[in-house]
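For reference, the structure discussed in these notes is given below.
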Amino acid sequence: MSLLAEKTPARTYAAHAKPWWQRTLMTRDAAIIALLVVVWTYASIVILNFSDPITVYFLVLDVTPILLIALPMTLIIITGEIDLSVASVVGLSSVLFGVLHREGVPMVAAMVLALLACAVAGAFNGVLVTRFGLPSLAVTIGTMALFRGIAVGALGTTAITDWPDAWGDLVQARIGDSQIPLMTVPLVALIVIFAVVLHFTPFGRGIFAAGLSKDAARFSGVNVDRTKLILFTLSGLVSGLAGIYFTLRYGSARGDNATGLELQVVAAVLLGGVSIFGGRGAIPGVIAGVVLIGTIGSALRLDGLSANIIQIITGVLLIAAVIAASVLGWTGRIVGTYRRQHSSDEPSSKQSPQRKRSE
Amino acid sequence: MPDTPAALELRDVAKSFGPVRALRSGSLRVEAGSIHALVGENGAGKSTLVKIVAGLYRRDAGDYLLAGEQVDFRNTADAKQAGVAVIYQEPTLFPDLSVTENIFMGRQPTNRWGRIDRAAMRTEVVELFARLGVPIEPDRPTEGLSIADQQLIEIAKALSLDAKVLIMDEPTAALSGNEVDRLMTVARTLRDQGCAVVFISHRFDEVFALCDTITVMRDGAYISTDPISEVTEDEIVQRLVGREVSDLYPKLEATVGKPMLEVKGLTSTGLFHDISLTVREGEIVGLAGLVGAGRSEVAQAIFGVDSYDSGEVTLDGRPIPPGDPRRAIEMGLAFVPEDRRQHGLVLDAPISRNITLPTSGRLARNGLISTGIENRSAADWAARLEVKAATLDALAGTLSGGNQQKVVLAKWLSTQPKVLIIDEPTRGIDVGTKSEVHRLLSTLAQEGLAILMISSELPEVLGMADRVIVLSEGHQTAELSREEATPEAVMRAATAHHSTTLNVSEAS
Amino acid sequence: GGSGSGDEGEGGGDTSSITFIPKNLGNPYFDASDKGGKNAAKEIGTKWAQVGPTESTPDSQVSFINTATQQRAGALVVSANDPTAIGDALEEARNAGTKVVTMDSDTEPQFRDVFVSQADAAGIAKSQVDLIAEQIGGKGEVAVLSAAANATNQNEWIKLMEEELAANHPDIKLVQTVYGDDDDQKSFDKTAGLLQSHPNLKGIISPTTVGIAAAARYLSDSQYKGKVALTGLGTPNQMREYIKDGTVKSFALWDPEQLGYLSAYAADALASGDIEGKEGDKFEAGDLGEYTVGADGVVVLGEPTVFDESNIDDFDF
Amino acid sequence: MTTTLDAPAPAAPQPRHRAANRLTWLLKQRETGIAVAFVALLVVTTAVNPNFLFSTDGWRDLTLTPAILVCLAIGQAMVIVTRNVDLSVGSTLGLTAYLAGRLFLDTGLPVIVVVLIAVAAGAVLGLINGVLVAFAKVPALVITLGTLYIYRGIMLEWAGSDRINASDIPPGLLDFGTGSFLFIPNLAWISFALLAAAIYLMRSTRVGREFYAIGSDPAAATLYGLRDKRRVLQAFATSGALAGLAGILYVSRYGTISSGVGQGIELEAVGAAVVGGVAIFGGSGTVLGAALGAYLLTTINRALPVLGIPDFWQQAVVGALIIGAIVLDRYFARRQHDKLLAEREES
């Protein structure tokens, strides 16, 4: 028997236990996509004006910031962390962009500088979480107030509103004569990039491993801290991008832009099937989650219902989604596939999801 | 049963965790006023049995009687209520709370108004500690206590319950000789007062000195019960293992080459001091010592998952940068950790992803990796190690312990290492797989791999290693050649206090 | 909430529906103006709906403007949370054939057809400065408790007040402007902060209904009651008890119900093509009579009413 | 223990904290640090503007303004100690405040009955969180994020564009809300009483100690046979009830209930607890610390304008404070850890 030198295939293995269609269709992602299709179809038939192509136009413009931020947020939550400061970074980006523009810095340079600052803000979160070993929940609650405070403080009472029309028009432009916003193109590109990074690169494999078991990942050579630092920086950068978008779309740089957006993003990501424990989730589901919330909001508004119902539905969907996961998991455990760490039979602290003092 | 009911009786109790049958048919009958030894190899199901008695697990089948009454506990509080006290194998304390609170949690003495009587608690703890001769400050938090101190608190906790049945799951593993003697005194006193005591230990000297009856378990099943006076140590070992011990260690001759792993003066405050060792091509070096001696910490520091304060590590002559496991892997170091479930495997990830995790960078094409690529590599290595699994996307956590260990080995061998550090290679593995692993290690050494093997099982160390290095309390107390390494020599070095470092020749 | 729009007309529009989008829901000022709008719609015989965000931010308002666009509403009556931020959305609505009236708080003129102004800004600013000057004897420190820092109308009034003070009341010093965001608690706490930071404060002007009510409530049971004057824009129902107990001597406001009423008529006149919003266009506004569109498409409701002990019981809104 | 062993007689417990010991102990407490920061803030601000403390209103607002947040921070601290978090308290506060307003407006029930109903309603809302967290085994962060939306949505939907004005509230309650007893505002007395009760609960009863145990190591809590589900339910119900009470306090203090009541206050409550030294992953920290954190955060908000810092910067200061507090905590924990290791080294 020679293990390191030559091959001695003694056994063969099937790659998968279930056929491909079961693996694709019997997932949280598929369920949420199906729900989206059902809601969309229902709304198109029942709700007046919903089938109008302009619905798509407004919907895309509306969900763009949430969708943008949801991408890095998905990766962060999969590593088992969270970033609540994203909406404040949006405000920060908007204000910096505005102030630089007011001071006469050319548009593109102002944009790049604002984005850099936001990446630094994100890295600040990342350093506190990885180098200092602080819980990201507490850290980002703190930086949420800090970044927002800086944004609001820097601009004070004013909103900067003298933006060149060309830029605002670019953000809201349509592709040709269609009702599809031009924004869709970079958005789809970003989605593809994030999906590839998460699902088809060694870095992405490290993200999942870090979320499922920080220790096992570290013991396998995954640099968990560096991974998280990169993701927090990325989150700052993309949130900054959303801030630029906000500024240009509304032609107004304000410190209070996107207030409360962080919870919407987290809700959408979790609805999209990402586990708050980390280690589980996929980009298609998240996209569907974001669009689903946007669609329901759009449909209800068209139906003349108030914003309040939208809140209730968002909350119910969120809770239903996670409870469904836990109920499914509970049944799954009977067949022996459930994550060990939720199982009541095993109180071993070694597997508790939020293991503290892990140094 | 004709005579008076036993204090504790289990009949054909079974327990499975998913596909893992931890306990097939566990039986145990303990009389009041006796000390009963429960022995079995690692993974024989002893702790599982204990946890069923404690009310922590619910049995899948079988009978559980206390003083002749059928019982069925929903949780550990019920069991405590019924007079069952348990000292678990791993100490389970609340790190943020004080020693006193840990001892009384859930049953603190209260006054009429529900106010906790702290003074009474403290008085009782002081009294308990005095009886046990424990010098622990009752008001300090338990965080940062040594394993031995934590174990002593567990013992105090169990004693403070007025228990009819006391179960101790390897309580002495981390204790010094003095502490063991004191514990034995306490156990005997309790016995004389009519308590039924169950004592689990891998140390036969203790078992024979303390107990009056002995039950042997193997592979989750009951084997035998005898009065201790009617059996010999050899007979027990034979029953434990189920075959001749000498079969177990198929050591192959290997040619020892140049030094591959060299460690010089490795020190980490509070954990280990001035560790220096060399492992050569084709050589298996054993790292022996008692639990808590700091061997795992040394290994983790070498690999880079832990930091260290001073010292240096080189692999094939090139220094391994501290704190960078990825670099260590690239340089040819592989590390099979002691705790498979926490460190070795991502239990909730498929087998294939587990095997390819350290090599995913190498496997990627144009920076991209796919399940297909992973499966091809994983299938190859799983086959070489004969992992018993149906599909590659089965979660690693669903495999039995032995197969999990094979997956870990597959994962590390797929990195094509030059040096393999393997911590407790056969912990919790059944006897069959155990010898497979041993054969594998021998083969690997023969192929020129340098292996550093940490093991708490003396026969394994003595059977497998070309050289044995012994650690005690974080200090290197002996380096013994294969010939010098007798059980007595290793044990003496392992229990030596570091100020009295052993002279190797004297020890042999 | 209100009801959705009815059947879709040809050429993509239901010219006979008016949608009101206030700054935020749950604000009594806009409740009153909505009431006026609803009455007008009933008189005209068109459909009427009121939708809006719960927080007064421009981005949440945009979604509702977009929805109205999708519904091809005949006309929109909006009170803007930001002069430019909702501009593109309004443009989009106008491109789809919806007429846009701003009310109470304007956008930049190019984004709407007509702005129905509660009173002309200079008049509002002057009346409040005059009221406070009278109450504090023409001398001393005053402060402003405003709504959101970006509210168009607030900022314009504050600017005009400063000019008015400089021009005609040199002894009155405006020491600070704070923002209560039309949030009750915030306005309340900001009042407390103002009084502490400025021990010599003589008066507070709060040109927002939420702010003045919160400030009055703080003053009414503080040591400053009767010592620090308060005036601004408030609704009689909210302020009645503070007038009665002497916390506030007088304050001003136009009738928001009339404002909504007039806006609905202006919207209908636009939607039915009677006017285009050019200077000089004339339209009938039910009980209020005929109005003329002024420069920049502004229609002015009239002068604000000053409320004090003598007349407050004559009003109920 | 009824058994007696032939072992050495128990050593008499030594007198523990003598005066000097007590002082060093006090200095080491996290609460002392926050209290010192609080006092320093008072001194500096009052030096700049004596009115900040030495005026009837200054003195009153000092204890009155934080009362509501103190209430929430106490509940939040209890929940966080069990290794959970309750983000729904702001919405619970809003919903119960509106409920109380409606009851005053529509029923004419006596004030005390309305208060009890509001507190009970808060407890029920908290219990819903607790049930979902304990039985569905879903992290509290997700559940309470969901109920944050749901409770707020229900309130908004119910309230429509109605709002409740001071004139709808019984004058007795409003007078109570702004009144004082022995120079201390009534609401402050309530918050002190709650704080005292909470300190007693957390320090000296089994329930409180088990909260700590569950948060410190949930797995060990199972091994000890603690009724962890019940405790989690209790913690959430208490937090909800306190939020309900905070709703009433809000009504009596501010008189008007608009749609945004309590929006965003949940993060202030978490912030207060974190600043006050409650570890976000449970097991340590005190309600006193959380209450002091609430005092510090609220008072900073009032002090900044006095100190001449535009109030736009308030949030930034609060954020910096939260970050500073957790970094400092970690630093001390590290030092303690190293010290313990060194001690072991010597022994």
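A, B, C and D are the chain letters, set down in written order, and residue numbers restart from 1 in every chain.
The criterion applied here is as follows: contacts are C-beta pairs under 8 Å (C-beta built on N, C-alpha and C of every residue); 3 or more make two chains touch, one makes a residue touch a chain.
The chain list, named the UniProt way, goes like this: A = Autoinducer 2 import system permease protein LsrD; B = Rhamnose transport system ATP-binding protein; D = Autoinducer 2 import system permease protein LsrC.
In this text, all values refer to a predicted model and were calculated from it rather than measured experimentally.
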item: Greatest separation from chain D - chain, by CA centre; value: B
item: Computed distance of Cα centres, chain D from chain C, in Å; value: 38
item: Where chain A and chain D are represented by their mean Cα positions, the distance between them in whole Å; value: 31
item: Averaged-CA centre spacing for the pair chain C and chain B, given as whole angstrom; value: 74
item: Multi-chain contact residues (two or more partners), chain D; value: 156, 160, 217, 219-220, 222-223, 279, 283, 312
item: For chain B, residues contacting two or more additional chains; value: 56, 92, 95, 143
item: Per-residue multi-chain contacts in chain C, two or more chains; value: 1, 25, 54-55, 149, 179
item: Complete list of chain pairs which touch one another; value: A-B, A-C, A-D, B-D, C-D
item: Of chain D, residues touching chain B in the complex; value: 1-3, 5-13, 16, 200, 204-206, 209-210, 212-213, 215-217, 219-227, 279, 283-284, 336-337, 340-342, 344-345
item: Touching residues on chain A, where the partner in the complex is chain B; value: 1-5, 7-17, 196, 200-202, 205-206, 208-209, 212-213, 215-223, 279, 333, 336-337, 339-341, 345-351, 357
item: Residue ranges of chain B in contact with chain D within the complex; value: 54-56, 75-80, 88, 92-97, 101, 105-106, 108, 110, 114-116, 118-119, 122-124, 126-128, 130-133, 139, 143-144, 146, 159-160, 162, 185-186, 189-190, 193, 269-270
item: Touching residues on chain C, where the partner in the complex is chain D; value: 1, 24-28, 30-31, 34, 54-55, 149, 176, 178-179, 183-185, 188-190, 192-197, 199, 210, 213-214, 217, 221-224, 237-238, 240-241
item: Chain B to chain A touching residues, read off their complex; value: 17-19, 56-57, 92, 95, 143, 303, 305, 325-326, 328-329, 335, 337, 339, 341-349, 352-353, 356-358, 360-361, 363-364, 367-372, 375, 378-380, 382-387, 389-395, 397-398, 411, 413, 416, 440, 443-444, 447, 449
